[in-house]
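Look at the two complexes coming up: subunit A is in both, with subunit B in one and subunit C in the other.
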Partner chain A sequence: MLNFARFVATRAVFAMLTLVIVSLVVFSLMEFVPGDCAERYLAFKNTQGSGISVADIEAERVRLGLDRPFLERWSKWIVNAFQGEFGESCILRVNIAQLMGDKFWISLGLCLASLALAYAIALPVGIIAAASQNAVLNNSLRLFSYLGLALPNFLLALMIMLFSTVYFGDTLTGLFSAEYRDADWSWGRMKDLLSNAWLPIFILGWSATAFALQTVRALMSDEIGKLYVTAASARGVHGRRLLWNYPARHALGPIINSLGFDLNRIFNELPIVALILTLTEAGALLIEALARSNDQQLAGAIIFLLTASIVSLNFLTDVMLAVLDPRVRKSIVR
Partner chain B sequence: MTTTPDPLQPNLAETTGPHVQVVETEDAVQRRSKEAYFTASQGQLIWARFKKQRSAMVAACVLAFLILTGLFAPFLSPYNPTIAGKNDDYTNGAPQVPMFCDDNGCSLRPFVHAVERERSLETNFRWVTTVNEDERNYVYFFVEGWEYKLFGFIPMDTHLFGTQEGFVHVFGTDASGKDIFSRTFHAIWTSLQVGTIGVFIAFVLALVIGGVSGYYGGWIDSVLQMITDAVRTVPAIPLFMAVAAFMPPELSAEERFFYISLILGLIGWPTLARRVRTHLLTERNQEYVLAAQLCGASSGHVIRRHLLPSFTSYIIVDLVISFPYMVLSETALSFIGLGLKDPVNSLGVMLQNVTSADVLLNYQWYFIPVIFFIALVMAFVFVGDGLRDAADPYSDNNK
Partner chain C sequence: MTALLDVENLTLQFRTDEGLITAVDNVSFSLDKSEVMGLVGESGSGKSVTAKALMHLNARNAVYSPESKITLHTETGPVDVLSLKTPKELNIVRGGAVSMIFQEPMASFAPAISIGNQMVEQLQLHGDYTKEQAKRWSIEMLDRVGISDAGKRFNQYAFELSGGMRQRAMIAMALSTQPKLLIADEPTTALDVTIQAQVIDLMKDLVSEFQMGIVFITHDLGVVAQTADKVNVMYLGRMIETGPVRDVIRQPKHPYTQGLIAALPKLDDIDAPLTPVPGDIPSPLERPSGCVFHTRCRQVVGDVCKQVDPKDRDLDGSHRVACHIYTEEMA
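Up next, the complex of A and B:
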C-alpha cells in the first residue's frame, strides 16, 4: 500500500513537472507576441477618443507588473494558474476565470463524451474485426479509419448541416436554445444542452473513433496470434470468453495508455468544430482570443487549461493501469 | 528490364549471362534467391515488400499522379489561377464538361457550349448567364495562353488544353471568376510545398534533438525526453493558432507562406524526435558502434557515418507518415483564417471557400478541390502505412 502511494506521488510530481514546462512554453509564447497587454489596452482606449502618451503606457505597465523580470512574472503566473487564477483578459478587462465561467467545463465535457463515444464504438467493433478473418469487413474498417483522418471534421459538420437545413429546416448550430442561453443551470437547461450537444459530440468523435478503431484492431490482432491464446483455446475456451478474457485483457493496457493522446487529438479539432457549429464554449473563445483580438492572456489560459486536462487524464490513466493491470501492480509493489 | 533486381525473385539470365545455358536445380534456385535476399540492401528489401501490397501500390500511383499534376500545374491550367486570370463574364459559373455530341450532331473534337451574359429589362437588370446550345467553343490541345515559368525557370506559354474563342472552365469558376480547375492544381502544389518545408524543418530539429538524446542517454536523455513529452502534450492546433496569431499582419503572401511552414516545422518535431531517439537507443549498443568508438571515431562521426545510415529507410518512412499531418495542419490553420489567405492557392484556402451557405446550396462545384484534398491525404496515409509495413522486417509474421 505504501509502495502504491509512493507510485501515485511520483506520478503526480511528474505531472506537475510537465505542467510547469508547458507553462514555460506557453508563457514564453505569450511574451513573444508583439506588443504587450498595456500597449494593447491603451491602444484600445485610444480608439475610444482618449489620447494616450508613452508615459501612460509605462504607467500601465508598472500597474500590471509588466516591468518585472521574466522569471518573476512567470513564477507568479504559474503559481496563480495552479489555483485557477489567470488574471485579467488583455482586451476585455474581465477576470478570465469569470469570462470562462462554465465554458471550459462544457468543452471538456463535450470532448470527454466524444472520447467515450469513440471507445464505446471502437472497442467491440475493433475486437470483432481483429478476431474475424472476414476480408471485406477488415478492409472496409481500414478504409473507414483512413477516411476518419482524411475527411476533416469540419467537412463532415458542413455536410450534416447542409442535409439538415435542406430536409429539416434546422441548422443544428449552437449549444443552447435561445431561452436557455444565459439562464442559470437547471434541469431544463441541462436537457436543452444534451439535446443540442449530440452533433458536436458525434463530429468530434468521428475521427477519434477511426483512430481508436485502428489502435484496438492492431493491438488485438497482435495479441490474438500469441501462444497463450492458442493454449487457452486448446484447453477448450472458445468464442467470446476466449476473446474477452485473454487477448482483450492484454490489449487493454496500451489502449488505456493512449487515452491521453486521443484527448489531445480531440482538443485539436475543438476550435474548428466550434467555429463551424457556432458553439459558445472554450474552443470558440480561443479562436476569438487568437484570431480576432490577439488576447495573449486569455489564449495562454485556455491552452494551459487544455493541456492541464490532458496531463490529468494521463495521470489518471497511469493510476488506473496500476490498479487494473496486475503486471504493472506487481512491478510497483515489489 | 533493367530495373533494380528483385531480391526475392532474382533474374537468372542477369546473374548468369544470357549465353550460358544453365540447368538450375530446385536447390540452386532456392539458394540463389536466398543469396539475393541476404545481400539485398535495405532499400531493395523495402521496395520488394512494398510492391506486394496492392492498396499501397494503387495509393502510390495516385500520389505520384497528384504530385505530377502539382508540378506541372501551370501547364495543365488553362487559366491563370490568380486574380489576373479571372473571367468577368463567368463568375460563380457551373463546370463546363467538354462533350462530343449535342442536338446539332457530333464532332470528333470535344467542345463546350458558349455562354452569354446579358442584362436587360427582361432579366430585371441583373446579370444573367445563359448557355447558347447552338454555338460551340472547340477545345484544342497545346494552345498558347498565359505566360508562366515551368519549374520556376523555363518560360512557356503552352497549355495542355484551351479554346480559341470563348472559354472552358472544367471545374467551374468561383465568385471572382477564377478558374477552379487551375486553382486546384496550384493549391495541391502549394500545400505540398508547405508540407515539405514543414517536414524538413521538423526533421532537422528531430534529428538533432532525438540524436543527442538517444546517443548520449543518461540525464541528457531524461531531460530532453521530459521536454519533448511536455511539448507533445500541448494540443497542436491551439498551439499553432497561438503562434500563427503572432504573425505580423503586413506580411506578403510569400512571407506568410514561409512563416506558416516554419511554424508547422517548429511544432511538429516531437513525434519524429522520439522515433529517432528510439532507433538510436537500440542501435547504439550494437557491436559496430563499439568498434568505431574503439577506433577513436568522434561522437559526431559515429552518429553521422554509422548510426544514421543504419536507419535511413525508417526515417524516410516516418517522414512520409508525418506528411499528411502537416498538410492537414496547414488546412486547419488556413481554414480558421490564421494560415494562408485567399489570393494564395492552397488546399486550406480552397476548403475555406466551401463553408458559406451560398456555396452549400447553390455552387456545389466549389467542393471539387475537396475531393482532391481527400485523395491526397488518403494516398499519403496508404503509402505511409504500406512503407511502414514494408520497412518492418517482422510484419510478414503477422500475416
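Up next, the complex of A and C:
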C-alpha cells in the first residue's frame, strides 16, 4: 500500500514535470511568433489613425514587462499559469481568465462527457459483439462504425439541426437559453446547460463511439483468441464469468491507455461542431486566437489548459492501469 | 486394468470459407487407468484437435461425424463426451474428471490474475470448497509439485515465475481437481532440456500417485519413449500406427514412423547426416487420395497407395499399422 502511494506520488511529480516542459514549449512558441504584444497593440492603434513611433513601442514593451529576459518571463508566466492567471490578451486587451470565464471548463466538460458516452456504449457492445458469433449483430455494428467514422461531425450536426428546424421549429443551437446566457451559475443555469448540452455531446460522442467500438472489438477479438482463454474454458470457466474476467479484463489496459489520446481527438473536433451549433466554447476561441488575430497570449493559455487536462487524464489512467494490471503495478512499484 | 477412455471412429471436420476441412479421420483408441499414451505427429497431424475433442473444446465451427463417439468411464458411470451440451454438463470433462496442460505455460495463465485466484476459481467450480479450503489445498498442490515457498507463489502472477516453475504450477492446477484423465499437450516442448526431464519425472510420479490416465501429445519420440506405455502415430488426421511403445520404437512398421525415428539426431554419431522425412505435410485442403502419406512415402508399393485407403492391420495383437506394404504381404 505504501509502495502504491509512492507510485502515485512519483507519477504526480512526473505529470507536473511534463506540464512544466510543455509550458516551456508553449511559451517558446509564443515567443517565436513574429512581433510581440506591444507591436501588435500599437499596430492596431496605427490602423485606427493614430501614428506610432519606435519609442511608443519600447514604452509599451516596458509596461508589459517584455524587456525582461526570457527565463524570467517564462517563470513568471508558468507560476501564474498554475494559478489560472494568464495575463491579458494581446488584441482584446482584457484579462484572459475573465475572457474565457467558464468557456474552457464547459468545453472540457463537453469533451469528457462525449468520451464517457462513447465508452459507456462501446465497452459493453464491443465486448459482446466480439464474443458473439451473431453475423447480423456484427455486421450492423460494423455498418454503424463505418457510418460513425465516415460521417463528418459537422454534417451530422447540420442534419440534426435541419431536421429539428423543419419538424420542431427549434434550431437546437447554443448552450444556454437567452435568459441564462450571462447569468451567474445557479441550479437553473445548470439545468439549462444540461438540456442543451446533450446535442453537442451526442454529436461529438457519435464518431468517438464508432472509433472506440472498433478499438474495443479488435482488442477483444485479439484477447479471446489467446491460449489463456482456452485454458480457462478447459478448466470449466464459462459464460459471463469467462468473458468478463478473462478477455475483457485483459483488453481493458490498452483501452485505458488510449483515453488521453481520445480526449485530445474529441477536443480537436469540438470547434467545428461548436461553430455550427454556435456554442461559446474554448476551442473556437483557440482557433480565433491562433489563426485570425495572432493573439499569442490567449492561444498559449488555452493550449496550456488543454495540455494540463490531458496530462491529468494520463496521470489518472496510469494509476488506473496500475490498479488493474499487476504487470504494470509490479514493474514500477518496487 | 480398467477402461478409462474409449474413442471410437472419431472424425472431425472444420467448416471454413474454403469448405469442410478434415482434421481427424476415423480415429479410434482406448486408454486404461494409470496408462500413459503418447500421441505423436507433426504439426497439422490432428493430435491437438483430437485431444481437445476429449474435452469437447474445439472451436464452434467443428463438425463431428455421427459415428464419432468418445466415452469417458467415471465413478458415476460412462459419460458420452460428445453429447454434452450445456456448461454444467461439460463441467465434468473440463477440469472435473479431465484436465489439460498446454504447451506454453506462460500463455495459459491469465496474465493479470494471480495463480492462486485461478486455482481457487477452478476448485470452486468443481467442488464444494470454501475459499479458505480451496486456498489451503492449492498451496498444498503447489508444494506437492515441488514449488518452494508455495504460500508466496500462490499470490504471484505467471510473469513472476520461471518457465519450469510455471509448468509445475500448471500441473498443480490441472491435478488439483484430481482428474481421472490428464491431457498434456506438448507440456515440455517450451522448456529447457533439464527442466523437461524434471517435469517428465514429476508427471510420472503423479500418475502413479493419482492413478490417472495420461494422453501425452508430442512431436518428440524421445519424450514418448521415456514416458508412454503405448503410442499412437498420427499423420494428417489418420492414426497410421499404434502399439506398445517398445514395439513401435524398436520395430516401427509404417514408413512414416520409420522416417520419424530415423530423423532423430544421434548423439553417438554426431557426424551422421540428419535424415528428415522428405517433403512437407500437405495442406489439409488438398488431402491426398488413397493413403494420405503416399506423397512423401519412399516405399510406395504401387498404384494401390494412390487409390486405396489402407486398412488398419493387426500385426501381433496390440501393434497395428495402416499401410499397404503389410496388406500386400497378408494378401
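Throughout what follows, the second predicted complex is superposed on the first by the 305 of 334 C-alpha atoms of A that agree within 3 Å, B and C clash if a C-alpha of one lies under 4 Å from a C-alpha of the other, contacts with A are read in each partner's own complex, and residues count from 1 in each chain.
As a working rule, a residue touches a chain if its C-beta (ideal position, glycine included) is under 8 Å from a C-beta of that chain, and two chains touch if they have at least 3 such contacts.
Bear in mind the structure is a predicted one, so any value in this text is a computation, not a measurement.
Shared-chain residue A:269: touches subunit B; no touch with subunit C. Contacts of A:302 after superposition on the shared chain: subunit B is touched, whereas subunit C is not. Once the two complexes are laid over each other on the shared chain, residue contacts for A:326 go to subunit C alone; subunit B is not touched. Shared-chain residue A:26: touches subunit B; no touch with subunit C. Contacts of A:238 after superposition: subunit C is touched, whereas subunit B is not reached.
By the touch criterion defined above, A:111 lies against neither subunit B nor subunit C after alignment on the C-alpha atoms of chain A. Looking at the superposition, the partner that touches the larger set of subunit A residues, subunit B or subunit C, turns out to be B. Shared contact residues on subunit A (touching subunit B in one structure, subunit C in the other): none found.
Per the touch definition, subunit B reaches subunit A in the complex via residues 226-227, 229-231, 233-239, 241-246, 248, 324, 328, 331-332, 335-338, 351, 354-355, 357, 360-361, 370, 373-374, 377-378, 381-382, 398.
By the touch criterion stated above, subunit A contacts subunit B in their complex at residues 17-18, 21-22, 25-26, 29, 32-34, 146-147, 149-152, 154-155, 158, 161-162, 165-166, 221-222, 225, 260, 264, 267-269, 271-272, 275-276, 286-287, 290-291, 294, 299-300, 302-303, 306-307, 310-311, 314.
Considering their complex, residues 55, 57, 60, 87, 90-91, 94-96, 99-100, 102, 104, 107-114, 118, 121-122, 125-126, 157, 159-160, 173 of subunit C touch subunit A. Residues 133, 226-239, 245-246, 249-250, 253, 324-327, 330 of subunit A are the ones touching subunit C in the complex.
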